[in-house]
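Pasting the structures here.
Okay, so chain A shows up in both of these, paired with chain B first and chain C after.
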Partner chain A sequence: MALKVLKSGLLTTIQDLGRPGYFHLGIPMGGAMDRMALRSANLLVGNEEDAAALEAVFVGPELEFTADATIAVTGGEIPVRIDGEEKPCWTALAVKAGQKLSFGFLTSGARIYIAVSGGIVTQPYLGSRSTYAIGALGGVDGRAVAAGDELPVGTPKNTVQAGTSVPESLRRKTGTPTELRVLPGLYWHRITEAAQKGFFEDEWMVAPEADRMGYRFKGGRPLEFVEREQPFGAGSDPSNIVDSCYPYGSIQVPGGTEPIVLHRDAVSGGGYFMIGTVISADMDLIGQLQPHMPVKFVPVDMEAALAARADRKAAMGRIRTELAGG
Partner chain B sequence: MKTRYSYGGDEHIFVEVDEEMSLDAFFKSLSITNAVRDSAIEGVTEICPANASFQIKYDPDVIAPEDLLARLKSLESAAETAEKRISTRIVEIPVYYNDPWTHETLMRFRDRHQDPSGTDLDYAARVNGYETAEDFIVAHHSSPWFVSMVGFVSGLPFLYQLVERERQLQVPKYLRPRTDTPKLTVGYGGCFSCIYSVRGAGGYQMFGITPMPIYDPTQEVNYLKDFMVFFKPGDIVKWNPIDRDEYDRICAEVEAGTFTPRMAEVEFDLETFNADIDGTNRKLMEALYGA
Partner chain C sequence: MAKQIRSPLPGIFYRRPAPDQPPFVEDGGSVEAGTVVGLVEVMKSFHEVVAEEAGTNVRFVAENEQPITVGVVLAEMD
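Right after this comes the complex of A and B.
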């Protein structure tokens, strides 16, 4: 069984839950930007939650199936078409050999996940099939899928009844504005109290430079630095530090102007100061933000971050229960 | 040196050993991260050492953030007394300075540079008080360098110059980062040299290019068959200036699978180094090239 790529879409990559363990060498964990959507798509087709699937951004690909299969599309809301007939997303769908899958325009979110029963079984690298394009690692020859590719698909383990779906109430949506919760820290002390306050007061907008490595934001006031003599080795700009590690989700602000939140394909380190970190519970949400969408950063403490993490875990648990019963 | 601990969200603890760069800070960070690894703390998933800081990634569902923080602090005091000595290797890295590819790239991004009228090497020479770019190049390759961090992107080494602080070269980064840097560019920012392992964005000044791949996800390069990343923290590097002919010859050897980097096993002891920098460097050169 294979998935034939007829049209690639804008930037469609193979992703699973990633390759943790190599960040100390500059190789990020990668994997689905919206992990809950990937897990849900896999559950809907009877796969293990960490099976590899396609992640498409803004525009869906066009695919043909060489054998009968079950598929599911999750993440953003998008019209799903099988041989032109419209089908729901977040739902297990039966497809026949020779049928074609295509998409309409996204109506919400930014990324969709296309899982197929048996999962995509390209060669894993460092324990994962995820595509890390910057390092030409994983995926198809280290790159996004292209028209003409035939993606090998494994043998399905479990069957899920076609029509099974994740209820609307369990799908997470971006807001207006979307609130991203932040634990202040790292080099937070480098900016003035007024700048600290302003960062959380201002409304920010997703900039066009938003990809798997990181999301840039515009529109808020520039951050003012606490004056100091730059430490040896840091570089001359007040936003420079001696090159350090960068946490996933950390918010760096080069020159104090446009915050960048690092995501799954993060650079592992560098010389820009960071003012805090988006909490793990809200990382999936970033993957569903499109350029020009409004965002507010909301300060939280560790207790709230852990409570939010527990909430996300419970929500994933409800999806598992729902699908196990379906 | 004053160690500063901070949470990086709910999954990381970030530890700054010192605000400024020094080998003392690097070795202290190395000692603590080694102690963390040896302790095999349940819930710790990644240990990432950096130049003068480090980062621990953990699963807060397995170990509570405040418990991990307390463990790290207790390991810090033990690390104070650890030996600042490592068994490592010195590697010769051929560099074609002032090559046509980085030159073409730097000319394309002149509007993002402090000195749009010159080259990166001219600028670096001037801000470090050298008369010519040639003099600066000699200063860059005449002493060995220490890999104090691997990261940014796949296997990129940050290198710290093994000389007294007064003699260390310092060059500001580009005013605005470039969107392109040739693969294997030898760069410079702050007090660090680097080698860009892959093509991509970058803010460091560009001095030259090495024909020697340092990252190969396909693992076809003969000396990267065991692992796709060449460098690790603690490696010592000697830049070897080469011309175009030598560059082309090494590229062909890499392609043919016959190139082997010149290297030697060495011990590096920070106290010995601090006591006699020139003498230590002389011994490193002897290990690499023979007495």
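Right after this comes the complex of A and C.
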């Protein structure tokens, strides 16, 4: 069984839950930008939650199936078409050999996940099939999928009844604005009190440059730094620090003007100060933000961050229960 | 009933291939299916937007360098 790629869309990559454990060597975790959507897509087709699927950003690909299969499309809302006939998102769909999958215009979110029963079984690298194109790791020979590719699909383990779906209430949506919770970090003291307040007061917009490495935001007031003599090893700009590790979710602000939230394919270190870190519970939401969407950053403490993480786990648990019973 | 050209992508819309060059399609011009009508800049690269069907008397609704979202109407035509 294979998935034939007829059109690749804008940038469609093979992603699973990534390759944690190598960030200290400069190799990012990679993996789905919206992990809950990937897990849900896999559950809907009877796969393990960490099986590899396709992540398509803004534009869906066009695919043909060489054998009968079950598929599911999750993440953003998009018209799903099988041989031109419109089908629902977040639902197990039966496809027959020779049928074609195509998509309309995205109606919400930014990324869709296309899972197929059996999962995509390209060669794993460092424990993951996730595509890290800059490092030429994973994916199809280290790259995104292209027209003409035939993606190998594994043998399905479990069957899920066609029509099974994740209820609307369990799908997470971006807001207007989307609120991203932030835990202020080690370098918080580097900006003035007015700047600390302003960062959370202002509304920010996703910049068109936002990608899998990082999401850039524009529109808020520039940050004012507390004056100091730059320490040895730090660059001359007040937003520079002596090089440090960059965690997943950390918010750097080069020059104090446009915050960048590092995401799945981020660099692991560098010399920009970080305001803090977007909590892990809200990182999936960033993956569903389109350019020009409004965002507010909301300060939280560690206790709130851990509670939010527990909430996300519970929400994923409800999806598992729902699909196991369905 | 006017036909529409919509953007499949979010980003910044450009009507010209470069600032010192004429627009891909002038207002009032016509297009074939597959004619490039503009560029969208997103994720650090530029992507061509093409007309999906032929049309005449193209009237751009989106301005040059306008921020756009997926599905936005860029132009109408007959």
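Keep in mind that, in the parts below, the second predicted complex is superposed on the first by the 326 of 326 C-alpha atoms of A that agree within 3 Å, B and C clash if a C-alpha of one lies under 4 Å from a C-alpha of the other, contacts with A are read in each partner's own complex, and residues count from 1 in each chain.
Here, a residue touches a chain if its C-beta (ideal position, glycine included) is under 8 Å from a C-beta of that chain, and two chains touch if they have at least 3 such contacts.
The model shown is predicted, which means the values in this text are computed figures rather than measured ones.
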Mind checking chain B and chain C on superposed chain A, clash or fit? fit
Under the stated touch criterion, which partner chain does A:Ile134 make contact with: chain B (first), chain C (second), both, or neither? first
According to the stated criteria, A:Gly198 is in contact with first (chain B), second (chain C), both, or neither; which is it? neither
Should A:His292 be classified as contacting the first partner (chain B), the second (chain C), both, or neither? second
After lining up the shared chain so the two structures overlap, which partner does A:Ala210 touch, if you call chain B first and chain C second: first, second, both or neither? second
For A:Arg309, using the defined touch cut-off, is the partner it touches chain B, chain C, both, or neither? Pick first, second, both or neither. first
Tell me which touches more residues of chain A here: chain C or chain B. B
Quick one: is A:Pro88 in contact with chain B, with chain C, with both, or with neither? Answer first, second, both or neither. neither
Scan A:Phe105 for contacts with chain B and chain C and give back first, second, both or neither. second
Compute the least Cα distance separating chain B from chain C in the superposition and give it as a whole number of Å. 9
Is there a shared patch on chain A that both chain B and chain C touch, and which residues make it up? none
Show me the residue ranges of chain B that touch chain A in the complex, using the header's touch definition. 6-12, 14, 16, 18-22, 45-55, 57, 60-61, 65-66, 149-156, 158, 160, 165, 170, 172-173, 177, 189-192, 197-198, 200, 203, 215, 217, 229, 232
Help me check something: in the complex, which residues belonging to chain A touch chain B? 20-21, 23-27, 125, 132, 134-137, 142, 183, 185-186, 188, 231-237, 240-250, 254, 267-271, 274, 276-281, 302, 305-306, 309, 313
Looking at the complex, which residues from chain C come into contact with chain A? 6, 8-12, 41-44, 47, 67-71
Residue ranges of chain A in contact with chain C within the complex: 10-11, 57-59, 105-107, 110, 208-211, 290-292
